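By written order: A, B, C and D. Residues from 1 in each chain.
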Amino acid sequence: MKLIKFYFALFVLCVTSIFMTTQKKTKILFFGDSITEAGVGPQGFITKIGQKLKNQHADANYELTGAGIGGNKVYDLYLRMSEDVLSKKPDVVVIWVGVNDVWHKTSSGTGTDADKFQRFYEAIIKKFQAENIKVYLVTPAAIGERTDNSNQQDGDLNLYSKIIRKLAVDFNCGLIDLRKEFIQYDLQNNPENKESGILTTDRVHLNEKGNDFVAQKMMEALMPANK
Amino acid sequence: MKLIKFYFALFVLCVTSIFMTTQKKTKILFFGDSITEAGVGPQGFITKIGQKLKNQHADANYELTGAGIGGNKVYDLYLRMSEDVLSKKPDVVVIWVGVNDVWHKTSSGTGTDADKFQRFYEAIIKKFQAENIKVYLVTPAAIGERTDNSNQQDGDLNLYSKIIRKLAVDFNCGLIDLRKEFIQYDLQNNPENKESGILTTDRVHLNEKGNDFVAQKMMEALMPANK
Amino acid sequence: MKLIKFYFALFVLCVTSIFMTTQKKTKILFFGDSITEAGVGPQGFITKIGQKLKNQHADANYELTGAGIGGNKVYDLYLRMSEDVLSKKPDVVVIWVGVNDVWHKTSSGTGTDADKFQRFYEAIIKKFQAENIKVYLVTPAAIGERTDNSNQQDGDLNLYSKIIRKLAVDFNCGLIDLRKEFIQYDLQNNPENKESGILTTDRVHLNEKGNDFVAQKMMEALMPANK
Amino acid sequence: MKLIKFYFALFVLCVTSIFMTTQKKTKILFFGDSITEAGVGPQGFITKIGQKLKNQHADANYELTGAGIGGNKVYDLYLRMSEDVLSKKPDVVVIWVGVNDVWHKTSSGTGTDADKFQRFYEAIIKKFQAENIKVYLVTPAAIGERTDNSNQQDGDLNLYSKIIRKLAVDFNCGLIDLRKEFIQYDLQNNPENKESGILTTDRVHLNEKGNDFVAQKMMEALMPANK
């Protein structure tokens, strides 16, 4: 009888260990511009997601990778998606792009037309889904944090966010609507109607509060237990 | 007795006619861009104000002049204000400018920076007030009529409108806030969220309804009995 | 004897017909923007090349296809190269792009940065060469025909043309240097320093003389017997 | 005899001192953008002109004033000409503007259209000449020092320089054609076709050699004995 118990315990142990070693981590890749590039820094939102997962003893389940490059627009993502995403065989890709497509229109005359923004974005989604990657789309959060719709690019950011929201519906992607979240947060936390300093350092890039906020919103979407 | 009545009637007639011929008409000059230029057309808002005044038998009290030139920005108004405004010795000037200052940023790379927009606008107001001209400021109504803040230039138009509203307060000018009026009207009358066709033909220039609407709003401000 | 002659003639006829039906035509595909799109019109340069080949009784050797779309920039070509070029299995591709990459910087704020222009161009060349396609590069001919380097985009067009010339060397491509050819032609044929009307209708698109000129220059490169 | 010598010396002294106190210095005012603003710095071209005049013992004849403000375009000069120039009652004004009018087209979408550049420039000249000020026009020297016409703004700079040269002829102004001088100098001294470092630090602003060069060219025009 003891022997039976022993063998049973041994069996359970084996199964568990096999299961643990063979259990595949979910590979999440963050694909974007300078905001995502900074996300893997010591205070970046990707680093913060990793820390929170550790605190929840869930870090064994996920592998997080950043693939952000400063100045990238949607067509830059398209150009490097094979090398920087598909070759890494992720399970999940979080696409966060759009700020430069809008911003560069006036800062260097090299932004992206709305129709072409949509076309390239769609081509990326199709390519990822063809590889059975789960795709999450993120709307461009902010170029300026004023809450009365008087940031220069507000109209355009809203337009490009609408395009992204529609793509999420049409292609059955996850949506992390940071544009909406930032506007809501700023409405409640920016009573002086400042241009930056609430969630961003410089109207665009995340300060520490911003990185926390984004990490939280992304976990709610990517790891729904955090909702 | 009949003679007395006759002389009295004659006297009244004389006084009236003297009064009518000597009474100074209020000279109102509309100073702006292509929208104002079109305002003197057969269906234009300035023409419509004239017709409404006629219907009210008040046309003898006002002289309306258009001084709009297509493509004008605030500094163009500054350059031609002596020749096109001061030389005409108006009592009232209605300044309506701003669409091109914002729009040309992306359509030709030649818009106007916000700080310089303010500086030139202020210089124009000061010059007019130094000549005892009553000045009304008009906010730039629209570049696109979508009601969800997704017209490309919405943020910038809101910013430049804020500048104009503040100038109106600081310099004690009249304000005709067409930006606000158009947004309100479109919210109620553009359920399909169209880009144009409600008050404009092409997102910027007024259609017939737009000309009526602007004529009405201007009369409420300029001839308060119409409020 | 007559029979022998007859059989010989029959033999010749057979061989010829076999040769004619089996001989593979060289498939040349023209890949570009609105200038190439207009190239297949009744007076377009591609149509003209076809006519000249016919006059030389060489039309059986070539199949000419236009794949130009108005407004295209280098990254638009990259996006549609599989569908519009590779699927057609051409032997030769003539890439003519660059005018919109430069022009749209000021006309809509959506031009292409020089470094990205190079990167996308290079990616297209590599893809085509991997399919054993012979690639010809064409420099952007003109945005304005003034001969004293005072067309607004002259500096940028020269820069992008230099990038293309270097790519042609680095990747061993054919080069049709229309930028250089247009400048030379205009220097000799535009004594009044006009903006358009020599080889273009509107500073960019080809007039009849321009289509003739381009057809001639392309044939000299693509069908060297025409040199 | 000694007395005669004494009286003669006294006479000479008196005449000299009278001459020195009554001689009016020529007031030269330099009116422009950041390049002119830097001109009054320790190594600036205006400072250098002062030093050279001192070395020639001619500094008593001239008073040099800088009135440059960073970011200024032609219409900014027009706005501040009364306060910053006319109120100082100069004898000579050197106008050097144009780089920002061209550059800001792509760097912020707020450059100046060519036709308006000309109109404002003309208005400034007329105003100064009406006050009997001798006016010198300076062409915009460079945005980039490459010698093969491949600096992005070369075409536009050449166009605006042509406008200035024509204004100099039409209004009988002095011309200091730095655009032409810089191109010539760079052709001889920039064999590596570098973007900057020959006469500029950053493609636009003058390095020490550039300040020397500009000081020299300005003196040749303003104080012809230096030719």
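Annotations for the structure displayed:
In this text, a residue touches a chain if its C-beta (ideal position, glycine included) is under 8 Å from a C-beta of that chain, and two chains touch if they have at least 3 such contacts.
Worth saying up front: this structure is predicted, and the values here are computed from it rather than measured.
Chain centre most remote from that of chain D: A (centre = mean of CA atoms).
When chain B is laid over chain C using CA atoms, the rotation angle comes to 180 degrees (nearest 5).
The centroid of the Cα atoms in chain A and the matching centroid in chain D are 53 Å apart. In terms of their C-alpha centroids, the spacing between chain A and chain B amounts to 48 Å. Chain C has its Cα centroid 42 Å from the Cα centroid of chain A. In chain D, the residues touching two or more other chains are 105-106, 108-109. Within the complex formed with chain C, the chain D residues making contact are 105-106, 109, 144, 148-159, 162. Listing the residues of chain B that touch chain D in their complex gives 75-76, 78-79, 104-106, 108-113, 116, 119-120, 123. Across the interface of their complex, chain C is touched by residues 105-109 of chain B.
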